[in-house]
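Each of the next two complexes has subunit A plus one other chain: subunit B in the first, subunit C in the second.
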Partner chain A sequence: MDAFKETLLEELGTRTVFTIPLLGGIPVAESVVVSWIIMAALMIATLLLTRRLSVRSPGKVQVALESAVEFLNGFVKTNIGRHWRPFAPYLGTVALYIALSNLIGIFGLTPPTKDINVTAALALMSMVLIYGAQFRYNGLLGGLKKFAEPMPLLLPINLMEVVIRPLALCMRLFGNILGAFIIMEMLKFVAPVVLPAIFSIYFDLFDGVIQTVVFVFLTTLFTGEGIKEEE
Partner chain B sequence: MSIGIIAAAIAVFTGIGAGIGIGFATGKASEAIARQPEASGKINSALLLGCALAEGTAIFGFITALLIIFVG
Partner chain C sequence: MLEFHLSNILFTIINLLVLHAFLRKFLFGRVNAVLEARAALVKEQISSAEESNRQAGELRTQYETKLTDAHQEAAKLMADAQNRAQRAYEGKLAQAEADARQLRSQAETQIAAERMAMLRDARNEVASLALLAAAKVAEKAMADAGDQAMVDEFLTEVGEQT
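Let's look at the complex of A and B:
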């Protein structure tokens, strides 16, 4: 039991891969390096997939890409409303990044979303997006007034939500990935053959995709709530 | 050590609430889809949102239990 706890503790901590010898040494964590790998993979995929685009005779790849973008745009449009245009690219990027980070455990790399700093950064970005959009499209006064909706009595709850929303977003993603990771480690400890492969389908594939959808969906919904005008 | 383990177990009891909540939500959603199959898209997205929020409590309990075990 103690040996297991030791290995688990080791897995929980964020490992430092190397240190940049500048300003007294900047440690670079494993999640950052895996994020770089994901970024590189996404960039290469983008460059390869968007070659030879044409209006007159679209290939199979182009049609698939177009329907994916169309799906994303439709999703954002139904949830945010009239001002959907600037939000779709950001939300799509975040969705691709989180999905790849959750699924990269299959290739034997540590998922970056297992590091709480990564999910905290993502949640902070979502918070800036939600409240930035609220003030951008309603003006300063209108944005402040949004906090007193649907009635002024709810003002303290709305103000508390400024903190609670990103905290919940961050903890939900982190807790899910970490929980799945711990259960997988326990399984590998108990039965190293066959069984982990079966459970990996649920914990790595299914859970990773679901959490991506939930994160992006909640961000979109909160953003839309802040800027939708009542008819 | 042993009292910490018991505290962690109590923290994980939040899972009961999340389980009941998600069970109710899914049951009602399947009832709604049975009544109006054409509205299943909207029902599904509302269900997903509700489940995510209900699951949040279980996750908080889980994180608290982990903190108690590994940090406290």
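Let's look at the complex of A and C:
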């Protein structure tokens, strides 16, 4: 049992796969390497799928691709409003990356989102996106005024949210994926045959997709909140 | 244990930016371009269809007015022709009637003239006959009063008949 506890604690941290011998050695974590694999897969798939796009006679794959992109565009449009255009590609990228990261456990690789550094980076990017958009589309003064909305009394809470929002995003994703990972490890430890396969459907597939949706949805919602009322 | 590595965070951010740039260009850019091109195509086709519809409607009204014009023209021509034919017919009829009347009157005058001539001839004949008869009677010497009376009567009768 102690050995099992040790392995679980070990799983909390990040394994360093190799170290770049520059500037006194830059460690490259397992999550980063898996991220590269995911990126490579996404890029290759993109290039394969968008090879022959046709305006007049789209094939089945193109139709599916188009409906997915249209769904993303519509979703971002309803939540962000007039200035949706520059946000859709980033949110789509994040959605694809997180979804693949969460689901890659099925293929036996460690999910990058189990690494808190990855989710922290994602949350930091979201923070930059949310407050960057707020100042970009309202101006410096308008952006600052947004913190006093809907009423000046909420100013401290709104300021605290600058930190709370990314922290919550980071911890929610990390906690869910790590929790699912640990539960799956325990299940494999207790009953290594049929049970893990069944529970994997929930913990790897369902939870992974849900957490993707939650992360992207909240980022979109917060971004929209910062700029939408301007219209 | 749970720990933050700056290098790890930076790697992830760079990864995300690279992936974002790539996907924006090759996935979302391409697909959105196709979607926009299709939307533009549909819009253009709809507007061109509306345009040709409008043109067709215009042509139709044009043809309809032309057709009505033609109908009217034809009716007018027909009426004209009928009018003219009627007039010609009436003219011909009147001419024929006048001709006939003239012919008849000519014939009548001719008949009358002939009759007159015949009568005159007959009277002349009778007169000469009477003269002849008178001469014969005179030759035989009209002695008695009976003969004288017969000649007188005869002459009166002839004169009455003419």
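Miscellaneous remarks
Please note the rule applied: the second predicted complex is superposed on the first by the 229 of 231 C-alpha atoms of A that agree within 3 Å, B and C clash if a C-alpha of one lies under 4 Å from a C-alpha of the other, contacts with A are read in each partner's own complex, and residues count from 1 in each chain.
Rule of thumb we're sticking to: contacts are C-beta pairs under 8 Å (C-beta built on N, C-alpha and C of every residue); 3 or more make two chains touch, one makes a residue touch a chain.
Worth saying up front: this structure is predicted, and the values here are computed from it rather than measured.
Annotation for the three-chain superposition on subunit A: subunit B and subunit C fit side by side. By the touch criterion stated above, A:221 is placed in contact with subunit B alone, subunit C being left untouched. Judged by the touch definition given at the top, the superposed model places A:27 against subunit C, while subunit B stays out of reach. In the superposition on chain A, A:122 contacts subunit C only, with no contact to subunit B.
Of the two partner chains, neither subunit B nor subunit C is touched by A:103. Once the two complexes are overlaid on the shared chain, A:9 sits against subunit B and subunit C alike.
Seen from the Cα centre of subunit A, subunit B and subunit C lie 110° apart once the structures are superposed, a value rounded to the nearest 10. Taking subunit B and subunit C in turn and counting the residues of subunit A each one touches, the greater count comes from C. Legend: residue contacts after superposition of the two complexes on their common chain; A:89 is shown touching subunit C, with no touch to subunit B. Using the contact criterion defined above for the overlaid structures, shared-chain residue A:168 touches subunit B, although it does not reach subunit C.
By the document's definition of touching, of the two partners only subunit C reaches A:69; subunit B does not. In the superposed model, A:47 makes contact with subunit C only, not with subunit B.
Between subunit B and subunit C in the chain A overlay, the least Cα distance found is 7 Å.
Shared interface residues of subunit A, touching subunit B in one complex and subunit C in the other, are 9, 12. Only residues 9, 12-14, 26-29, 31-32, 35-36, 39, 42-43, 46-47, 49-50, 53-56, 58, 62, 65-66, 69-70, 73, 88-90, 92-94, 96-97, 112, 115-118, 120-122, 124-125 of subunit A touch subunit C when the two sit together in their complex. Remark: subunit B residues 45, 48-49, 52-53, 55-56, 59-60, 62-63, 66, 70 touch subunit A in the complex. On the side of subunit A, the complex with subunit B involves touching residues 9, 12, 168, 171-172, 174-176, 178-179, 213-214, 217-218, 221. Contacts from subunit C toward subunit A in the complex involve residues 1-5, 7-13, 15-16, 18-20, 22-24, 26-35, 37-38, 41.
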